[in-house]
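Here chain A shows up in two complexes: once beside chain B, once beside chain C.
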Partner chain A sequence: MSNVVMGYKQSTFPKKLAIVSGIILLAFVILPFMVGSFQLSLMSKLLLFGALAVSLDLVWGFTGILSFAHGVFFTLGGYAVAYYLKLNLSAENNNYGGDIPDFMVWNGLEVLPWFIAPLKYFPVAFLAMIGVPALFAYITGSFIFRSKVSGVYITIITLALSSALTTFFISQQAYTGGTNGITDVSKLSVFGMVIPPVGLYFLILAYTAFVVALAWWLTQSNFGLILRSINENENRISFLGYDVAQYKIFVWTLSAALAGVAGGLFVPLNRFISPVYLAVAFGTQVVIWVAIGGRGTIVGPLAAAMILGQVQNSAERVTQDWNLIVGILLLVVVLFIPNGLMSLVPKKFSLSNLSKPKPMPETVVKPVAPSVSEPQPEPVQRGS
Partner chain B sequence: MLDLALSSMLSPVYLLAQEPAAEEVVKEAFKFSSLANQVLNGFGIVGILLLTALGLAITFGVMRIINLAHGEFIMLGAYITFWMQDTFNMDLLMTIPFAFVGTAIVGAIVELTIIRRLYGRPLETLLATWGLSIVLQGVIKLIFTAQLKYVKAPSYLSGGIDLLKDEAGSPLVSISYYRTFIIVVALALLAITMFLFYGTSWGRQIRAVTQNRSMAQCLGVNTKLVDMGTFAYGCGLAGIAGAVISALKTVAPPMGQDYLVDSWMVVVTGGVDKLIGILAGAFLIGESNAVLAFFLNDPTARVLVLGAVIVLIRYRPEGLFTVQKRT
Partner chain C sequence: MTVATAESVLSIKDLNVEFSGFKALKGVNLEVYDGEIVTIIGPNGAGKSTLLDAIVSKSPVASGHVYYHGKDITNKLPYEIARMGIGRKFQNPNVYNELTVFDNILLALKGTHGIFSSIMAKLTKAKKGKIYDVLERTGLLDQAFDEVSSLSHGQKQWVEIAMVLAQDPSIVLLDEPTAGMTTEETHATGEIIKSIAKSHSIVVIEHDMEFVKQIAERIVVLHQGAVLAEGSVQEVQSNPKVIEVYLGRETINAAA
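== the complex of A and B ==
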């Protein structure tokens, strides 16, 4: 991770980066025509997990807030879409009679609860998919970050949040479907036309590309520079007059919204959502992707999520102990490669290098816009 | 907010816990006894919480190591007990020292190979111990398979004490011997630990190292040895906890996860300043859980207690029972 000092040339179009990412994107566009339906759905899933990992990377890798609660945001978005799909189950698949979902009937509910009923309509469900995780994150964020609580304690709070919500969702069986969650949802359709798996794949690919692009743009901007400064020295950045809590709350909420949409797209693909994705174990999975891939790089977590998922898929055919391998890998990375696997990639090929403009001649006086870079006049290389 | 109709929809597991609540409609007199029962139940929970959190109070409270593998040390203790009972047909009480020594040795190895490299880097420690917990679960699964194991409680600890009986002689308020046993063990371990920490030279060295590592080093304290010993001791305590509770619950590789969050909540509530804080933390969390579960239901009580702990961390991250110091 290198500190980018903004210069006037920053606005120039990063040609190399555009070419590389264009080629990668093209490969992903061609992919569905090369692989079978199983690989297609697996790749769609892994792309979503990649987007989730990038959203965590925004708060952890760049801002330094380690969260085990990203599974929670993911699942909240997922439930919003699951209710929508469940309530729109077409009449012929609705074999239990009545307008309300099967699990509610089994649990003795006779009327659709008022807070679930509006999710039958697409605009409401769409807004809920983004809004519910974002609102939840905003409330928790403004509660946590406007205090002297820091570092590890925030992580423990996210652990407790995840644990509490899992218990809550399992206990409210009539409203959430309990341990089973919401199953047998209808397929996603537009104007009465069911979206085929390839269509869903492209939708997911577009979303993941959007998340990656947004994360890249955000972290290259002045805003991203402030986030990194918060990560490196929170006190100094607040002495410079920035409202650190405000920035943290913003990036926390944004990241939750991104995770929520990933969860929302996950439901039509997976055809169910359950408290499994709320639990600490799934939240940890996301943390592991980011840790192994490399904090503060955008490509790292994305690649780690996808590669680990693919390896897991092949490994599970031969061994039952995939988790053991992940655990060992995590230990090795933390102990010996603290900046993640991306730090092993030669600097020449790293993303930040590709997106950087050509080095300026030393004689040029840098018209530095953000005041934050003043205490550090030269780009400081951190890590290896 | 959450009426009784809701609790009737809960799964049988929760209904089982609701048994005292079902009685309350019968007679007003029952209400007192079932509440008393629930409070006593709460003491049982307090015992378990205290026992499982004691090891963490050492590793986190004293050494400030963010130990997410704490639950797995509890699991290791439970498996040692299971293994010894299975192969040598030993009494559960006899296996406790072995559980302590076994987990302490594993703890010492872990400190030597992993924790030592990460002092002063809390987030890395957190990740590494999480990786360690996955590895320990995987290894145990390899050796013992994922099957649930059962540990026999000693026969002389079955049954319970009836504190109050109705006219027909059936118990109204009672507490089982085993829960009492857990509470006694927990309190005894707390007392021993406090004696070790405040009454021996080893304890003085530990406190010196936590207060000022480099100064202690200058004065000739072997800080590395102290670190290793303390961590191993904390892990050994977790092992004892595992051995004792193995008879209450089924023994399985993921069992430690259940205790991890609870132990953390106890230590954080009690504060890390004084060891006695975790007694207060365990008491507060255990009893409020039990009493809230009596009036509402088990999951709601858990959610409320966790919410309260989150609020507590927000306002007093140093814990309820810590004296504010100027640093």
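== the complex of A and C ==
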């Protein structure tokens, strides 16, 4: 009976949403059998960008924290996996015998640093891929959200984080590979068997579907209602007894972990990671995906990331002025469609609407006795 | 630590609040006892809202103390104060316009307010019952699933009051609950407040003297950041200092 209430999960999974998402998922499952290997690897990359955009949507779209640091979380997860794959190169593929990565030797290191060595082991690398971005987010988040800093200053801090880490990674060439990053990594394999591109594609598809489902599930709950309220007026909700900072730190950390895993999956696909993805330019791109797709819509940022990524790929072959095109597109969206492209989609088809059965008028229980504040209404005349 | 009187719910001692040098409150003392209605009146800018702000840590206290059930809560974080059982209605309706009335009340509903419980929370019969009960008491049942932005100013005031009720606080702080209301709405609000008073202590800021007479038990007059007078409606209205402050003012003359 309470189905019209936004703040609570449905007891059963909504049918319409199940059908629509099922069809979309099916299309992605069939896709690898319809396209060539280049397009398949591009699709894999776009799905990861989609997951990254959804992770930012949780923080910015729902909670109102504009972050340019999501490239940082993505890249931290990426480096964890890149070290793992680099350290697992077979001896013949490594110029220096397999114990120490080539870029470290070139930069004068003779032994593998103790803090990088454990990343040779899969469980450690796996935990680092999630844990390093999450821990970094938890520490920075605790500092930012418990302080008196607010609004645009938080955004400036995220910009500073992005620049500082870019500079740091470039300067620590012996440990990070500097500007080039970590290149020529091994392929991802399980039990000695290399995962083929189709396998990687399905792994990435599963992860992106998981991120979308998680974001949807969280934002449909009472938790989502609280995030929206923080976004609209965070002062008010603290006077209702909510620890706003705790909620922000949680969603910031969760979002960083989700972005980190996307970065981790990006490395076996891309075969390298570099400070390019730490830089403000990449962080800005993620912000643009969310802005153009529509903040707080989950599907919008996902679609925008994938479509813009695809267009960018095609456009780059024709013109070098891709960024100019994106800039103009962003300007148009911000000026004329401030709520993003998803706001052009009829409400009927929006994710939250598909998940909601039609409001039932009998949900409102009529008062037994007339309330103190309202005069008894005149009996309604029924025309026939 | 000063130990407040046994049945004192809220005890304010020598409270000073400054805004970059400007003294908005100058050594205010106030006791609120269990189950009573305290009405605060005073000209605009007297510091009435600031007093409530200082209690819930919206404005920082420069010196002095606020005790709640004998416990010092001065400058604690707003959410901690709210969790202890102090509910606040703001002067300007401070509600979630993009949400339905129901969701506004749902947010305010007393609970643990933790992250995990908010993710796993289910809308139980008991919770729904509590929300409908609060909506009924504030006359908002028919608007339950309307977006708050579509409501009149007076109705938004009731949404605020309903949110405070949903918190189930032991003390309710109401800042000008009848501002922008018609005469009937004002009267209805008075009845709501009286019904709340059966189970809560109330501090209410009000301008409308008709309304003050309807609900008042004890009146505190604030003037230029300090308590000018205190007592029953008659005592306050016949107090020469109060008359002087209000000289020529329509509200008190009309009411006197």
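Just so it is clear, the second predicted complex is superposed on the first by the 352 of 384 C-alpha atoms of A that agree within 3 Å, B and C clash if a C-alpha of one lies under 4 Å from a C-alpha of the other, contacts with A are read in each partner's own complex, and residues count from 1 in each chain.
By our rule, contacts are C-beta pairs under 8 Å (C-beta built on N, C-alpha and C of every residue); 3 or more make two chains touch, one makes a residue touch a chain.
Given the structure is predicted, the values throughout are model-derived calculations rather than measurements.
**Q** By the touch definition at the top of the document, which applies to A:Ala69: first (chain B), second (chain C), both, or neither?
**A** neither
**Q** Of the two partner chains, chain B (first) and chain C (second), which one does A:Leu258 touch, if any: first, second, both, or neither?
**A** A:Leu258 contacts neither chain B nor chain C.
**Q** Using the touch definition from the top, say if A:Leu188 reaches chain B (first), chain C (second), both or neither.
**A** In the superposed model, A:Leu188 contacts neither chain B nor chain C.
**Q** Which residues form the common part of the chain A surface touched by chain B and by chain C?
**A** On chain A, no residue contacts both chain B in one structure and chain C in the other.
**Q** List the residues on chain A that touch chain C in their complex, please.
**A** Where chain A meets chain C, its residues are 2, 4-9, 218, 221-223, 225-226, 228-229, 232-233, 235-244, 246-247, 250, 359, 363-367, 371-375.
**Q** Please output the residues of chain A touching chain B within their complex, sorted ascending.
**A** Result: residues 66, 107-108, 143-144, 147-149, 151-153, 155-157, 159-161, 163-164, 167-168, 170-171, 173-174, 178, 280-281, 284, 287-288, 291, 320-321, 323-331, 334-335, 338 of chain A touch chain B.
**Q** So in the complex, which bits of chain C are touching chain A?
**A** 56, 58, 77-79, 82-83, 88, 90, 94-100, 102-103, 106-108, 113, 115, 118-123, 128, 132, 136-139, 141-142, 144-145, 158, 163, 167, 184-185, 188-189, 191-192, 195
**Q** Once bound in the complex, which stretches of chain B touch chain A?
**A** It is residues 6, 9-11, 14, 66, 114, 117-118, 122-124, 126-128, 130-135, 137-139, 141-142, 257, 261, 264-265, 268, 297-300, 302-303, 306-307, 309-310, 313-315, 317 of chain B that touch chain A.
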